[in-house]
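One structure, as structure tokens, below. Some questions next.
Letters A, B, C and D mark the chains in the order given here, with residues in each chain numbered from 1 onward.
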Amino acid sequence: MPDATVTYREALNHALADALAEDPAVVLLGEDIAAAGGSFKVTDGLLARFGPDRVMDTPISETGFLGAAVGLALIGFRPVVEIMFAEFAGVAFDQIVTTAAKHRYLSAGQMHVPMVVRVVGGSGLGFGAQHSQTTESWYTATPGLKVVTAASPQDAYHLLRSAIADPDPVVFIEHKRLYVRRGPFQPTAAPVPIGRAAVVRSGADLTIVASLAMVAESLAAAESLAAAGIDVEVIDIRTLVPMDVDTVVASVSRTARLLVVEEQPLSGGWSGHLVAEVVSRAFESLELPPARMGVVEAPIPFSHALEAKAVPSAETIAARATTLLGR
Amino acid sequence: MPDATVTYREALNHALADALAEDPAVVLLGEDIAAAGGSFKVTDGLLARFGPDRVMDTPISETGFLGAAVGLALIGFRPVVEIMFAEFAGVAFDQIVTTAAKHRYLSAGQMHVPMVVRVVGGSGLGFGAQHSQTTESWYTATPGLKVVTAASPQDAYHLLRSAIADPDPVVFIEHKRLYVRRGPFQPTAAPVPIGRAAVVRSGADLTIVASLAMVAESLAAAESLAAAGIDVEVIDIRTLVPMDVDTVVASVSRTARLLVVEEQPLSGGWSGHLVAEVVSRAFESLELPPARMGVVEAPIPFSHALEAKAVPSAETIAARATTLLGR
Amino acid sequence: MTPAALPAEPAQLLEMYRSMVQIRTFEDTVQKLYEKALVHGSTHLCQGQEAVAVGWAAALTPDDYTSYTYRGHGHALARGMSPEAAFAEILGRSTGVNRGKGGSMHLTDARLGLMGCFAIVGSGLPVAVGLGRGAQLRRETRVSVTFFGDGASNIGAFHESLNLAAIWKAPVIFVCENNLYGEYSRINLTTTVDDIAVRATAYAMPSQIVDGNDVQAVYQAAQTVVERARTGGGPTLVECKTYRQRGHSRSDAGAYRPPEEVTSWLARDPLIITRRQLLDSGSVTSADIAAVDDSVATAIANAAAAAEQAPWPDLAEITRDVHA
Amino acid sequence: MTPAALPAEPAQLLEMYRSMVQIRTFEDTVQKLYEKALVHGSTHLCQGQEAVAVGWAAALTPDDYTSYTYRGHGHALARGMSPEAAFAEILGRSTGVNRGKGGSMHLTDARLGLMGCFAIVGSGLPVAVGLGRGAQLRRETRVSVTFFGDGASNIGAFHESLNLAAIWKAPVIFVCENNLYGEYSRINLTTTVDDIAVRATAYAMPSQIVDGNDVQAVYQAAQTVVERARTGGGPTLVECKTYRQRGHSRSDAGAYRPPEEVTSWLARDPLIITRRQLLDSGSVTSADIAAVDDSVATAIANAAAAAEQAPWPDLAEITRDVHA
């Protein structure tokens, strides 16, 4: 029997529905997530199925409801909060990086904060500079937080389930451009643990590591490079904290070449940490210095003509790989 | 005539006073900075000298007064805002990384935001997990912002002057443990431009790059290593965005070995970006893979017995350098 | 001494009407451009709220500052932004007010005092406080007017901004356009007060409730409040009761709204109210009104057509204007 | 039916007095330990505000949740935290309530409903809303009481929390300890209202002003408000008027305060007021009071001495409790 196929959005919706159904401690909070089913419809139908005590609309008060989620988490709920666009977390940053991230530590383990902050990130849909970032970097320097990204429907389901099951706060970054993408879906497959990267394409000549929308771009680049005789391995890093450096090192020990692609400016992205770690552990295996691609060092421009050029794409990734390999 | 000697705190005070005296557009805002002279006394005496229209106390409303500073900047003021402890910016993060950082871009250059956010960071004084971070990483992934740190009184003065003179928003990170440190002070020396690292000690065997309090620790480590016959070059990176990779590459091309020390968890720090850039440009010069040291992957613990061990120190830096060089 | 607020003379009212029709036609055209797949991203239109933008603009001088939100087209046009440059921005073209880099949510023209659209709810309010504080520090008579929604009154920035303006007694006017909805949520689901204006009590700040669909009422209230701010009387919170005739953004049909509510508010369409006022004045005829409607229709159609032909921005724009 | 609030019986009042004296003695001892250079970092003492902590604690059951700020020693002790474990925490020792990892600003004991100190101004309020909301969702009768200062009422989190609690009608009690100062700034310099309690109007929330130096008054008000919250009546904002007898933190002498103000508040010291009430009751003697004072002094001295002897935490604590 072939796998069912669902969209990334549907996979997330299934994950939330299954979590709500299995564990009465799970509650959802966010702006317009209940009656309206969410700005991007990720929570569609959940209010009708689980009722207003489980699926809660909130006022426009990110500090208020993120903090309330921390309070709920402290007493055994498992709140999942939607941040409609990633940048909106900027008005409530303190509740994530200080309150949620540190309460286990500050209380010496008396309490913990099993909550998930679902953050809708990503460029490509013309939302402009204040609604298009992925914002992983806002969180990666905060011990106590885990930072998870999903690039496929299958991972969207399983990683969100793992995030909800995690006893500690998880920032779960979704990419709005992926919501309509379809992919295979096996909800009963083995869980995808947090902290494990995935080799999504095997190859011998070059390792490309990416996350979120950059995974599909890298895979497309790999296809076109294959036609030119370049055999690329693509790794979806999936979790930024904790980061699965082992999988990347293992790959690089075979390919000897590394290109990291992220949807953030390199000045503050996660690719630097990954490259530094790989270099420290696989220096001798590397034939070339690892290369990185990221968003231009600018806010995301609105105009369609500009936005697409500000972010790495299959074409620019393939071009960079070709240059790297000296072809 | 020997240089005058001042504390880091006094140097900052001088910089603010001189900026206020020279440019009527400069205004200061913050909690208890006027009548009380600041929680750490950096603004002491400025109210008396410049009056309440130039030196303004504010309510506990970081979003309010950071946003007000943006408004003032848009119409030609040069506000300098004090954030009493770095973490407090978490309640107003949006005003820095979205409003201030993007207004020039979003208005296609019609307006700009010449403001400085003085952020008091750093561990070592027993302030605990919510008052001890340096938080550079909160800002480095935000095009439109510059991120500047000062490690000595001389730099504190000159870099703060440069930050205030800059036409764009600058996050200026101070380290509270340094406030009482003395150092030479030449206010009439050439300005220190933003974006230029400083070689603060020359050496041939190893390049250590650091910032803030880690510079003094690295220098102390270098002294003890010198006794063991290891000749260390120490670079104060000073600006994280834009980052002066050239100076580091030039150094590494001589020493062939790099150790980067920062007061942040490596998972999200700036050392990864620096190492990745250096590797991409000086791969052939490197005899060893670059190494990094940072804060442990934990919040800063309160207890004196723990805090000092959570952060790199002269001793741990010297030990690491020794191991690196295989001595 | 504060001069009394005056009603608009018929000629001025006709001009206000023209401005309102311009906004309405502009917004309807944006929707059509969106349906023709020419607009990327999101748009947040203001049909039904034109009287707020126009009534306030009429009470301001070119020196005054305004700031507003993603739902800002009306405020930009009311203070004189070129419709062609506004369309071009929304279409992402090089002739746009922000050279295509901002888009619908960020129409800005500093020369006209249009200091910015803020797309993060509430984030424009503290900036507006700074603009007013700056005028105050310079002993100018400018005022800073900031527009935001009912939903925005639930966010922390609202609270901090009103308190700060009050303590500084700065010339800042907080105009809440209460259109009953924040996105898809009716106001009574997100706050327990009926009138946002009562929130001024928390800062000992004067407040006022105005019929936001009656441009005369808005204009008169605006004059009084602006005059108070200009003459050192400090900030005011003004709540304009109005209605968002369309959905929240481009693709939202607004189906969650009770039909009777929609009908009753459409009957109080600000254009209808102003037309009646014009005719009642005796000095404006239906023909005058029709002439305005026609000339606006032509001008907006031409502006949209020109914007559609405008070139895309140069790729170098991507990294221009990040820093000096 | 809501039972009427009752004044404390003499025995109960004597117990409240004991608790207040314990807090006072504890705080005075912390100051001495600081002066002996045994306390690193900062401390924020609450001498003068003991009646607030004790009056509220007396109206709560062990199931209720409290949350508070860096100025939280009193709240922790009033609900039963061990003074020795509190001292040890402040001294950074392994026997501290948080094993030395939190410090003075973070005394926490979940078993006693002491859910946390929040050292970022305002950040505890939304958490308290969540605690109350959780009790409500579980159909429990627990309440969530959160303590904060006058200065905290100017931050956005205050506003969002009150609105959210109001819309949920959650059992959350917001207790503002108005001690007239936020750090070194008098309240009139940072807000234009005299009473923080008026801010409840912005959320159609009931509010009450209480003499925060009179433990009987606090206790009676607390009973009423707690009962309302327990029985589905929703949140309340309670302003306790009190005074911070010392400086803001360890090294601040509070010289910015007018001497007459200090004198008049010292005359209204909550311990003096309670002693008078006890004696007036006729069933407590000066000797009874002196016995309490003495036993507390001994207990606190012993607790401090034990804490001073306690070992430092193991280095492994640094990375323990970051994640599960």
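Note that a contact is a pair of C-beta atoms (placed from the backbone, for glycine too) under 8 Å apart; a residue touches a chain by one contact, two chains touch by 3 or more.
Since we're looking at a predicted model, the values are computed, not measured.
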For this structure, I'd like the pair of chains sharing the most C-beta contacts. A-B
Chain whose Cα centroid lies at the greatest distance from that of subunit B: C
In whole angstrom, the CA-centroid distance of subunit A from subunit B equals 30
Give, as an integer number of Å, the spacing between the C-alpha centres of subunit D and subunit B. 37
When the centre of a chain is set as the mean of its C-alpha atoms, what distance in Å lies between subunit A and subunit D? 41
Sequence positions of subunit D contacting 2 or more other chains: 98, 101-102, 106, 120, 123, 154-157, 160, 163, 167, 189-191, 317, 322
Taking each residue of subunit B in turn, which ones touch at least two of the other chains? 58-59, 61, 63-64, 87, 90-91, 94, 98, 105-106, 128-130, 143-144, 296-299, 301
Okay, in this complex, where on subunit B does subunit A touch? 63, 87, 90-91, 93-94, 97-98, 101-102, 105-106, 128-130, 135, 137-144, 241-243, 264-277, 279-281, 283, 286, 288-292, 296-299, 301
Under the stated contact criterion, what part of subunit A meets subunit C in this complex? 31-32, 35-36, 39, 57-64, 87-88, 90-91, 125-131, 296-299, 301-307, 309-310
Subunit D - residues contacting subunit B, complex: 39-42, 92-93, 96, 98, 100-103, 105-106, 119-123, 151-152, 154-157, 182-185, 189-191, 256, 312-313, 315, 317-319, 322
Which residues, counting only subunit D, touch subunit A once they are in their complex? 65, 97-99, 101-102, 106, 108-111, 115-116, 118, 120, 123, 125-135, 137, 144, 156-157, 160-161, 163-164, 167, 317, 320-324
Touching subunit D in the complex: which residues of subunit A? 27, 53, 58-59, 61, 63-77, 79, 91, 94-95, 98-99, 103-112, 143-144, 146, 166-168
